[in-house]
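In what comes next, subunit A is part of two complexes: it sits with subunit B in the first one and with subunit C in the second one.
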Partner chain A sequence: MIRTIAFKELKELLREGRFRVMAFVMVALLVVAAVISKNYYQWVNNQHVTAKENARNVWVSQDNKNPHSAAHYGTYAFKPKYSLSLIDQGVDKYAGISIYLEAHRRNDAQYMAAQDQTAISRFGDLTPDFILLFIIPLFIILTGFNSFTSERENGTLRLLKSQGVSSRILTGGKWLGLFIAVLLVIIPGFILSVLLLGNVQDFGEFSIGALAILFLFYLLYYAVFTNITLVVSAWAKKSNIALVSLLAIWMVACLGMPKVANRIAESMSPYPTQSQFVAAVQEDERKGLDGHNPFSAEAKQLEQETLKKYNVDSVQQLPFNWDGYLMQKGEEHTAEIYFKHHEQLKTTYENQTSVYRVASVLSPYLPTRFLSMALCRTDYASHWHFSNAAEKYRIMMMDKLNMHFAENSTYGDWDYLADKSLWKDIPDFTYEPVTYSQILSSNLNNIGVLIAWLVTTSLMLMVSVKKMSIL
Partner chain B sequence: MFLHQIKYEWLQLSRDKWVSTLLIIFIALCLFAANNGSKKVALRQAEVEASLAVMRAADSDFKANIDSVERGLKTVEPWLNPRRLNFIGNRAPRVAAMQPAPLAFLSTGQSDLFTHTIKPTLYGESYVLSFGELSNPVQLMFGSFDLAFVLIYLLPLLVLAFSYNLLSSEKEQGSLRLTLAQPVSLFAWLFNKMILRFFIMTTIVTTSLILALVIAGIPIVEVFSSVLLIVALVTLYIFFWFTVSLIVNAFGRSSGTNAITIISFWVILVLLLPAAISQLANSLYPVPSRINMIHEMRIAKSDAEKVADTILSSYYRDHPELAQRDTTIQNQYQFYLGYFASQDVVKKSVAPVLEEYQTKLSAQQQFVESFRFISPSLLLQNALNDVAGTSSRHYDSYRSQVVAFAEEWRAYFLPRMFNNEWMTKTDFERLPTFTFHYGQVDSTSSADIVGLLVFAVLTFVISSLVYRNISRKVLIT
Partner chain C sequence: MLEAKNLSKSYNGQVALNAVSFTVNKGDVFCLLGANGAGKTTTINLFLNFVEPSGGEALINGLSVSKHSLATKKLLSYIPESLMLYPNLTGLENLAYFAGLSGSKQNKEVLQSALSDAGLQVDAHAKRVSTYSKGMRQKVGVALALAKNAEVLLLDEPTSGLDPKASNEFSELLNKLKSRGVATLMATHDLFRAKETGTHIGIMKQGTLVEQLTTDQINHTDLEKLYLQHMN
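Now for the complex of A and B:
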């Protein structure tokens, strides 16, 4: 019986010109978005490959120079793009693409794409995630808003009821009919993305499993919207009212809530501005890490300790160059300061994230948005992960350079030049992204909220269909 | 006849509880958005004030220190001596602040991407100053709930809710047959219905705007012309959406179908078209590669550094005016002068790379911005950002004004250092200061308003043509 109703619903939809046009537009949009994203992805990737090679070449082809000069000259770490970013660009546009690795400073990623684009780009880009997250729910609403209301308006609901169709079966049939209609649009999109992704040369592995999980999350999201659409359609007296209410829900969930959550997150735990952040770091550098041991005093103390340890009376007698050693200690000290401030920043960011989690209770869009970005490795957490890896590399690099200086030169010998073979001894920067299992386990909340949405709206659907008036 | 019709329409509308509910929600949203906007502006203002206060406090410390050192009450390490020009030039930078424009609360625009307080120092290289603001990219992605959002995205929906069944409801109630039996032109009659709603909407939006301005504490008299401009822009935008609705109504479908068609128009014009345009423009003419720029810059830098160390003498050859007047004493700044000279060599080879990039980028941005004439929403967004002083062009200008100021800062210290002078207390009054000049940014609002006008006229002409050619029979059956 469910199957009969679902089949009838689907057949009716497919005969309807409006549905056919919309479905065609959806598929066309997905194809266009995917092709554009693929081109963009390849363009960025090619740049990335050259940039990575260039950065390494520039580094290793330095002449003989003082290791500390090389440390100041530094090198760049470039953030890789992964193949799934083709589907969801996430926050990529708003996070920098490269980190300058130099002595004494932890730099943030520079050159976010949004800064180089005009305000037009703030409307969003025509990428698959835009279609998947905003437009398809709208498509579900426009297709299904009159599922029950039109039956009521035509008087067929009364007929159905008189034939003894249970509300459970009626709901099941309607639900399946609408959901299969959505699948007709989504499945070609999915197949297309598998083909496109299979064709793309990438750095990371392309995991069909991750794509399947992503697909599953989107299906959950669409199931939630299908539920909401049917709930409202069962509740509303007229199709017009159902449509207006559903649009209002869509507006709140997809456009309003994220912005309102932004406002709350910002007022509850504001991000420091760039100049505040820099000032706080400088303040700590000036007065020492804990605020009670100024660096110069600490240096004196370190000198005494080192002299005692090596049992000599002056730094000239140490078996290594004291300048290099002291510089390394200083580097470790500033790295700690940067670590402390980035941890504070991370706390702020986590507080903001928890605001979005709370707001997810009012918007199924939010958990899906975060899950989708996370799986495509284009979320903020991925950016942090990269930034931390780059910092780790920077610390290692500075350690090698300073210790080489300390061990191969004598005190006061600032004219010391390291052989250019040293540059090659420092390994190239390689980056291992977060694994999918880590991604999933750190997003359990989002998965939970999405499932809760599905369960709640399903319950609401059952109740509202039972209570539905047939007139 | 006209007044008669208006009167009855008005009675009908005023008794519809949906109408008043929607209007109240809209006003509430406007006020919420305005409040958000003013809070953002207040934070920005506070940041600027705080930086200036820190600078002033530091200045008086430096002055006091200079005084003590001059009188010999205090001895300091030479590299921490506040009487040294290079010390002040580096440790007492001015805050080059971009104060918010009076109407900044209207639209966040690009202001969340950039910092508004830059402190160019003497040692720093003006061409690599970073203008990025520290922020959570998720915040940037979701964007802010400002008046621009309400006006660009939500206002059309309100207009559509008011007009989607302008004709179809009359048809469904059967009153259309009666009306058409009267000697009235269908278009004139419908247009009257529309005009009334248009006036109601415009009044409500204007009132909300003025209310928002009052709440934000903005002296309306001072920004009167800008307020007029915004009202004009919004009025045209409202008119455009009404005429779109009028055209859809002409096809004589049911209210439900009209609603879906109109919503689809909204999705296309407000969501899809801008996204597609942004994508299209950027793929037709990609943003020049930052990654390549970094590479070129590094090559230039490493080449220049190789020669940089041997150049102080050639620097004097290029700048004979800087050579010390009293040659009997050793210049205390000898070391730093060498540094600046070599910095100049590096700059001479690196700056062109960046300038070239900036030129390419500006050309690209201009190209992309010209695409805004395809969509009324883009035109309105551009105009609002323009009035709010938060457009890409404003931040481009801020960048170039700051870079120019950094040069001015250097130019104040360098000749005096070459002449082996000291910093004095009174010199603080003579230090160059920075003020951001909004006037240096070309306004695009007149082009935007013309663009919106063209859209409004175009849809109006189309709607009148559609109604002229429509057969009354089709409408009634």
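Now for the complex of A and C:
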């Protein structure tokens, strides 16, 4: 009987001009957004591949030079672009795509897409995530707001209820009809994205499983909106009241809450500004060992300790070049400072995340947004994972260069030139992204909140249909 | 088949129905007469369990309507003053939908013959209801009663606004159902039709059933006199 109702709902919708126009616009928007994203992705990816090769070529084709000069010369680590980022670009636009790896300094990622854009584009790109997260819920509302109210206004509800249909069956049928209508729009989009992603060349990896899970989370999100739409439609006396109420809910959930949560998070635990961050790091650096200053107190202390350890009287007698060794110790010290300050950033990030968790109770948009970004590997966690990997590589690289200098030259020999074969001995930067199972386990919270939304709104739907007035 | 036992209903202290009792047996057509607001529609809504009684109970086939709301609805068919259907669906689709909901899954031929028996022209079956007149929609309502094999018919001013021919056709359909043993409760303003098709007549005034009689006891003129006497 649920099927009878769902089938009739669909038949009515499909015969309605309003629905057909909206569904057509939705599919068209999804197609356009997917094609735009695909082209952008391919363009960025081509640049990425070229830039990565160039950087490695520039590094290995250095002439014979002092290893520490090479360390200052530096190289680049490039953040790979993942095929799923085609669906949700997340923070990629603002997070930068490459990190300059050099001696003494942990740099932030640079070259953000947002830097190159004009002010108007801040109001939203036509990307699949914009349509999936904002527009489809609106489509659900516009399709289903009068699901119950129009039956009451037109008088069909009386005849319907006089047939002895239980409210459970009526709810199930109405729900299914609306949800299938949504699927009619989503499934072509899903198939299209599989085809597009499967056709993009040179992407790191494309996991159909991850795409399926992403799709599932979006379906949960739409199920929540379907519930909310029907709850309001059963509760409201008139269609226009239902529509206005639902639009208000949409604005709060999709536009208001994210902004409010952002403001609260930022005021409760603000990130340091770039200059504050740099100043704090410099402050710590001043207090510690500087590889370029052998006359500082810290350097002198290290010198004494080292001489004692090797049981010699002067740095000249050490079995390695003291300059190189000091340089490495200084590098290790700076790396620790950067690590400490990045850990503080991470704490701030976690504090902000807990604010978003609380806000998720009021907006199903938030957990979905975080899950979507996480699975597309375009959230901050993914960015940090990359940044940490790049830092690890930098530390390894500096260690190799400094220790080569220390072991192959004598004290005071700043004219020492390393053979250019050394540059090749330092392996190219390779990056293993976070696995999907790790992503899912670190997002259990968001998954839980989304499911809680589904359960709560389902219960509300049962109650409101049961209590719905027929007259 | 249909029984009202001291049925009462008040809305926020305002009495709409005051201890109304009557019985409608198989093959009876009980016509409720009375001014607007006399409680006719409230009585029907109580039998549909659209509203809860404040006192007394409504029984269909011995079952309390408020306790067995789904089971009692399987037995009845309801035609309101203006039967509303889904305008984007055809008459046949509407009938199939409502008949399907009442649990009687019927094949297309049965539904089509129900529509024809209810007097709907064959070429209208596959037309969208948005093109139907009120009389045609009422016929779909009768077809639904036929398709469901309803034992009880609840009619709320079904002929108001119908032209005399359509109204006459409707009365003939009622007679057909009456001969099948359907118990009918009908609220109406039409004294003539009440006398013609009804077997029993109840006159209501301000929520009270002030008169009950059988139609063979009275002629049309006297019925009108009696009615006016109560109204004044």
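We adopt the following convention: the second predicted complex is superposed on the first by the 462 of 471 C-alpha atoms of A that agree within 3 Å, B and C clash if a C-alpha of one lies under 4 Å from a C-alpha of the other, contacts with A are read in each partner's own complex, and residues count from 1 in each chain.
Note that contacts are C-beta pairs under 8 Å (C-beta built on N, C-alpha and C of every residue); 3 or more make two chains touch, one makes a residue touch a chain.
Just so it is clear, the structure is predicted and the values come from calculations on it, not from any experiment.
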Partner chain(s) touched by A:Ile191 [first = subunit B, second = subunit C, both, neither]: neither
Partner chain(s) touched by A:Tyr356 [first = subunit B, second = subunit C, both, neither]: first
Between subunit B and subunit C, more extensive residue contact with subunit A: B
Which superposed partner A:Ile470 touches (first subunit B, second subunit C, both, neither): second
Partner chain(s) touched by A:Val455 [first = subunit B, second = subunit C, both, neither]: neither
Partner chain in contact with A:Ala212 - subunit B first, subunit C second, else both or neither: neither
Subunit B versus subunit C as contact partner of A:Glu12, first or second or both or neither: second
Which of subunit B and subunit C A:Ala297 touches, first, second, both or neither: neither
Overlapping contact positions on subunit A, where the subunit C interface meets the subunit B interface: none
Contacting residues of subunit A [partner subunit C, same complex]: 1, 4-5, 8, 11-12, 15-16, 154-156, 158-166, 470-471
Contact set on subunit A toward subunit B in their complex: 18, 22, 29, 36, 39-40, 43, 47-48, 50-51, 54-55, 58, 62-63, 73, 76, 78, 90-91, 93-98, 108, 110-127, 130, 134-135, 138, 142, 146, 239-240, 243-244, 247, 251, 255-256, 258-263, 265-267, 270-277, 279, 345, 348-349, 352-353, 356, 379-380, 383
Touch list for subunit C against partner subunit A, complex: 45, 48, 50-51, 69-74, 76-78, 80, 82-89, 93, 97-98, 100-103, 141, 154
Contacting residues of subunit B [partner subunit A, same complex]: 36, 39, 43, 47, 51, 54, 109-110, 113-115, 117, 119, 130-145, 149, 153-154, 157, 161, 165, 255-257, 259-260, 263-264, 267, 271-272, 274-279, 281-283, 286-287, 289-292, 294-295, 298-299, 301-302, 305-306, 361, 365, 368-369, 371-372, 377-378, 381-382, 385, 391-392
